[in-house]
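Structures for review follow.
Note that chain A is present in both complexes that follow, paired respectively with chain B and with chain C.
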Partner chain A sequence: MKNRTLTFSIFRYNPATPEIKPHMQSYQLDETTGMTVFVALNRIREEQDPSLMFDFVCRAAICGSCAMLINGKPRLACKTLTRDYGSKITLMPLPVFKLIGDLSVDTGTWFRHLSIKTRAWIHTNKEFDPKALEERMDNATALEIYEPERCIECGCCIAGCATANIREDFLGAAGLNRVARFMVDPRDHRTEQEYFEVVGSDEGVFGCYGLMACDDNCPTQLPLQWQLAFVRRKMAVAGLKR
Partner chain B sequence: MLDTGISPQRSIGRNPRMDLYLDLAQLISGFLLVGFLWTHMVFVATIIIGVNTFNSLAQFLDDYYLSYVGIPFIGLVALIHVIVVCRRIPNRYQDYWRHARTIMHFDTWTWIFQVVTALGIAFLAGIHVFLVIMGWPIEADTSAARMHAFWWFYLVLLILGEYHAGFGIYRQFVKWGWIKRKTIGFALKSITVIIVALGLAALWVFVQLGGALR
Partner chain C sequence: MSSYHTHITDVLIIGAGLAGERAAIEASSHGLNTIILSLVPPRRSHSTAAQGGMQASLGNSAMGKGDSSDIHFADTVKGSDWGCEQDVARLFCETVPIAVRQMAYWGVPWSRVVAGTKTLPDGRVIEDTKDKEGLITGRNFGGTAKWRTCYTADGTGHTMQYTIDSIVVKLGITVHDRMEAISLIHDGEKCLGVVARCLRTGKLNVYIAKATVIATGGYGRLYGASTNAVICEGTGMALAIDTGQVPLGNMEAVQFHPTGMVPVWILITEGARGDGGYLLDKNHHRFMPDYEPAKKDLASRDVVSRRMIQHMRKGLGVDSPYGPYLWLDIRHLGAKHINTNLREIANICRNFAGVDPIKELIPVRPTQHYSMGGVRTNIDGAAYGLKGLFAVGEASCWDLHGFNRLGGNSLAETVVMGMVVGKRIAEYALGATLEYSYALVEEKAKQQQERIDSLIACRHGREDVFKIRQEMEETLMDYVGIFRTGPALQTAVDRLQVLHERSKHIGLRTSGVGANPEITAALRLPGMIRLALTISYGALQRTESRGSHAREDFPKRDDANWLKRTLAYWPDGAVLPELKYEPVTITELPPGDRGYGESSASSKN
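The block that comes next holds the complex of A and B.
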């Protein structure tokens, strides 16, 4: 295979220097075997422009830091091979989230807000007994909980979601997937009605248009359509009961 | 008491179940309209079998007052559907447009055309119902004359209607159901192709008849 020269068109803006308006900047780079966008960005920063800002930690699609719009689609830079693309690749920061600079966005604040809003922890009236044996859970339930727990909070589903792009208060697939996880957890003692108060509105599950950009763009292939439909059915039943 | 994050301020002055009711109204009215549309197209397609079959079906619906109940009922359902779905249109449509152009995602595009086709249907179907009622009762020769003169009008309405119905019902299955998107998509595409083919065939027969009657 002949080595290609790739052109990266990258969004540049640093809030610390607001006099320089947001713009696209081009960088050229020789493609190497098995190159990912993450590798390319590191080489650009090392060899061409040390001021380029982007996030990464694990480079193995586990930490969810390097999510960005690659040719418009939300992707993890570390999981995206340049050979799957043409010689011109456009990189933009994820929308919805607060921009830190260039390709770096603050997903942490958004997800923390989500955790607080959905009260994403086990709610129980049981007194904790440190000496007692842990209660057993059947395998099927455990799997149902651990599947949505695979979410790495990269923000791709939020960036791809039309509703989340239009209305700020929408919980999005990541939020509803999180709630779904607690709904099946037998240790959580919240009632259907209490869940309904949190997600039974247009801010929650009924705000979903069903466009499934979340499902199509999830880097960990979470069954988001299944999760959203599950929450929707559950909340419809809860809402109609009373 | 468990702290569940429910804000007490929001509990007064607003029905907390309103978003659910609106969503269900959209679902149910949509399903009724799709059911109506498909039945309607099958009824219209009886012209392919023969003029007499078409006329006797129209006569039957008229004799048993099914038309007189059905038309106002479907009109009411359509009105509810319009009122309820309007809430889905973004306040700033540019936001949606920009988003769609950025992520280039198929289902996100189809939704834009869902709005466009909705506007088209509201306008064209209104004219269609008006013309049919003005020319009451429904008979093959008056229908044929209409189709012959305005075949392009009916061609556009057929395509808009089927697009809107097909993708609308697809999205409802995706949102509520447990059927794989590919499976339901294939099933609905197949039904849509059959209905469009029936519609086109009926339109063709009508245009031929209309020509013969002149």
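The block that comes next holds the complex of A and C.
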């Protein structure tokens, strides 16, 4: 089989040199077997253009660093195989997040604020007793917590969400999923009313249109539709009680 | 010109992985001002990638019954091939149960004991009892007498990192992500902080602190094929050795994991074999029991990796353009088990190799995995050679792991060390005053600015950073691998010395402006090559085999001459590290046979 030559059309902009306006730049590369966008971008940087900015850490779809728009869709670049695409591939940075340069965006800061806004930690009045056995927990409950906990904060659900694209303060599917994680955790003593303060507004569940772009885009295949419905149900009940 | 921001704090932690964040929590809880620096947002640190689990002798699961810190201690010392500090191992084993329970208190959804009988893949029937139901359970990992590896389904590192980071957020600890420490500031006696470069803007920043902590993780990416994340480049260890005063311990002790997936080298966790998976050769023969009748596929990592290479040398590997490999078979565990407990592995196989492990075999080969060596510290985590400098986690050589780390002992080490050493750091910082010379700080910042300016202006030459880096990676792969010999190691040392010289003549092809990746790589590379040299040169001098360090020309462990730890220093302007040695602390368990492997203890000379 003859190897294809791929053309990558890549968004370029370096905020340190604002005089050079944002533009698209093309690079050509011979495809190799099992090539991912991670492999391709590193080869472009090392062989053709060492100024090209992008982020990878784990290169195994675990750390959530490398989301970008691949032919217009939010995807993890490290687990995107070039063989699933035509010979022309367009790469753009994720929208919504602050641009650092080229394909690199600041998802870290965005998710930091999310954790602070949703107060995403276990709220409890108990003290830790180093001499005591651990509190018991049903294994089924542990797995139920682990399910939403699996979010890798990649931002794909946010980038593809209509509300997040127009409302800067919208928590998005990742934010609501994060809240769901604490709601199902018996160690967290927050009441429904306390959660309502966090997500019972247009910033939270009531800002979501339910079109489910987030669900389709999540590379971890989190059941976001289910999690959103769960939080919405809880909050609707909590709202009635107010 | 040097213009930079200055930040002053009590405690400065370089690294936001599990070890760094756990230490930061301890320092902050003592009322100390704490700043964490990281190359990436904390939750993207390499710790997140650990899937398998963390060892703690809770003894809750059926196969963990009767476990104790004594048994964990013995496993750890044997695993280390008697290279570890036994007082450190003792402290560690006594503390892990507290650490794992604290993680539960903070929010880690550990998998729990479910009462009832189960049939293991080998036909044995075990029973988890009602009295233990709901307590933290444990799975099987290599080199352990009991099942004690605590886990959360398939994402232990992820849940631990997210949980620890949630406490960092809760406590309001300052994190400066995308901020790379590029040089330590010290006056010959005391460490005063770092010069750092912002990876968003390229600007320099100075951090002054009473206590500075290196928590930068491992150096896996010095090797061309590594399971490590791409940011694991050993930068923190390079900062330490570049002071000329702080030694790195046992850098020749490099762990290879038996099952890196071919050809992307993503890790297939030991949990796969712990849960009953096994290795096959090209004839689909299960060969490990032939070599290791007792431990089979679950001997310690160094042993399994060597047996695999040995077997492939007999022509029994599967040939491929990436070299020979072997198969990992987990099909018999069944779809249900694979899709829940080993889901992450299943995803990795499908996404990155197009293999469905429920129906197909997984191609694997031993791959660089863990750095036992690192910044040498005492039992309090204080670095040798400079006051006010500490190290924790994989970047450190505390020395819990000696010449081979047991799977599950490093996640455990990050949180135990963070807790124990964090306290010592706090005590130190509470008793210290902030004194530093402004001129010294100015000079150190200027030096770094000059390095940057020279690279941009190509003042010392036009060598290509990526080409040199690739040659370094290949040199380590080809000459400093699993089996080592004197001549090969000498070749590595010679080549690396040439590369080290060439790295002084790197010049940029780009402008180097802003978050430029070429200059980031260029600033790191010379330090990385010095690390590669300490690994190769230390390995060349150590004329014995111990744990992961396997010399074909010296196949026996030699306790008479080598029951000691290598300390590598890099004096200013040197072309090779200066090696010194120190005795290993043995308090309880005298050197003996490991009970698996190539009977390493037989040398009695």
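The working rule: the second predicted complex is superposed on the first by the 242 of 242 C-alpha atoms of A that agree within 3 Å, B and C clash if a C-alpha of one lies under 4 Å from a C-alpha of the other, contacts with A are read in each partner's own complex, and residues count from 1 in each chain.
Please note the rule applied: contacts are C-beta pairs under 8 Å (C-beta built on N, C-alpha and C of every residue); 3 or more make two chains touch, one makes a residue touch a chain.
Since the structure is predicted, the reported quantities are computational estimates derived from the model, not experimental observations.
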item: Superposition on chain A - do chain B and chain C clash or fit; value: fit
item: First (chain B), second (chain C), both or neither touched by A:Glu153; value: second
item: Touched partner set for A:Ser9, first chain B, second chain C, both or neither; value: neither
item: First, second, both or neither for A:Gly108, with chain B first and chain C second; value: second
item: Comparison of chain B and chain C by chain A residues contacted; value: C
item: Partner chain in contact with A:Gln225 - chain B first, chain C second, else both or neither; value: first
item: Chain B versus chain C as contact partner of A:Pro130, first or second or both or neither; value: second
item: Chain B versus chain C as contact partner of A:His189, first or second or both or neither; value: first
item: First (chain B), second (chain C), both or neither touched by A:Ile116; value: both
item: Superposed model, angle subtended at chain A by chain C and chain B (C-alpha, nearest 10 degrees); value: 160
item: First, second, both or neither for A:Ala162, with chain B first and chain C second; value: first
item: Smallest separation in angstrom, by C-alpha atoms, between chain B and chain C in the superposition; value: 10
item: Chain C-contacting residues of chain A that also contact chain B; value: 116, 119
item: Chain A contact footprint on chain C (complex, rising order); value: 40-41, 43-46, 48-49, 98, 100-102, 104-107, 109-114, 133-137, 152-153, 155, 158-159, 162, 165-167, 169-170, 175, 177-178, 200-202, 229-231, 263-264, 266-267, 340, 344, 347-348, 351-354, 465-466, 470, 508-511, 513-518, 521
item: Residues of chain A touching chain B in the complex; value: 69, 72-74, 92, 95, 116-119, 123, 125, 159-160, 162, 165-166, 189-190, 194, 196-198, 200-202, 206-213, 215-217, 225-226, 228-229, 232-233, 235-236, 239-240, 242
item: Residue numbers on chain B that touch chain A, as the complex places them; value: 2-6, 16-17, 19-20, 22-24, 88, 90-92, 95-96, 99-100, 102-105, 107-108, 111, 171-172, 174-178, 181
item: Contact set on chain A toward chain C in their complex; value: 14-17, 34, 36, 45-46, 49-53, 55-65, 79, 100-101, 104, 106-109, 111-112, 115-116, 119-122, 126, 128, 130, 132-139, 141-143, 145-146, 149-150, 152-153, 185, 187-188
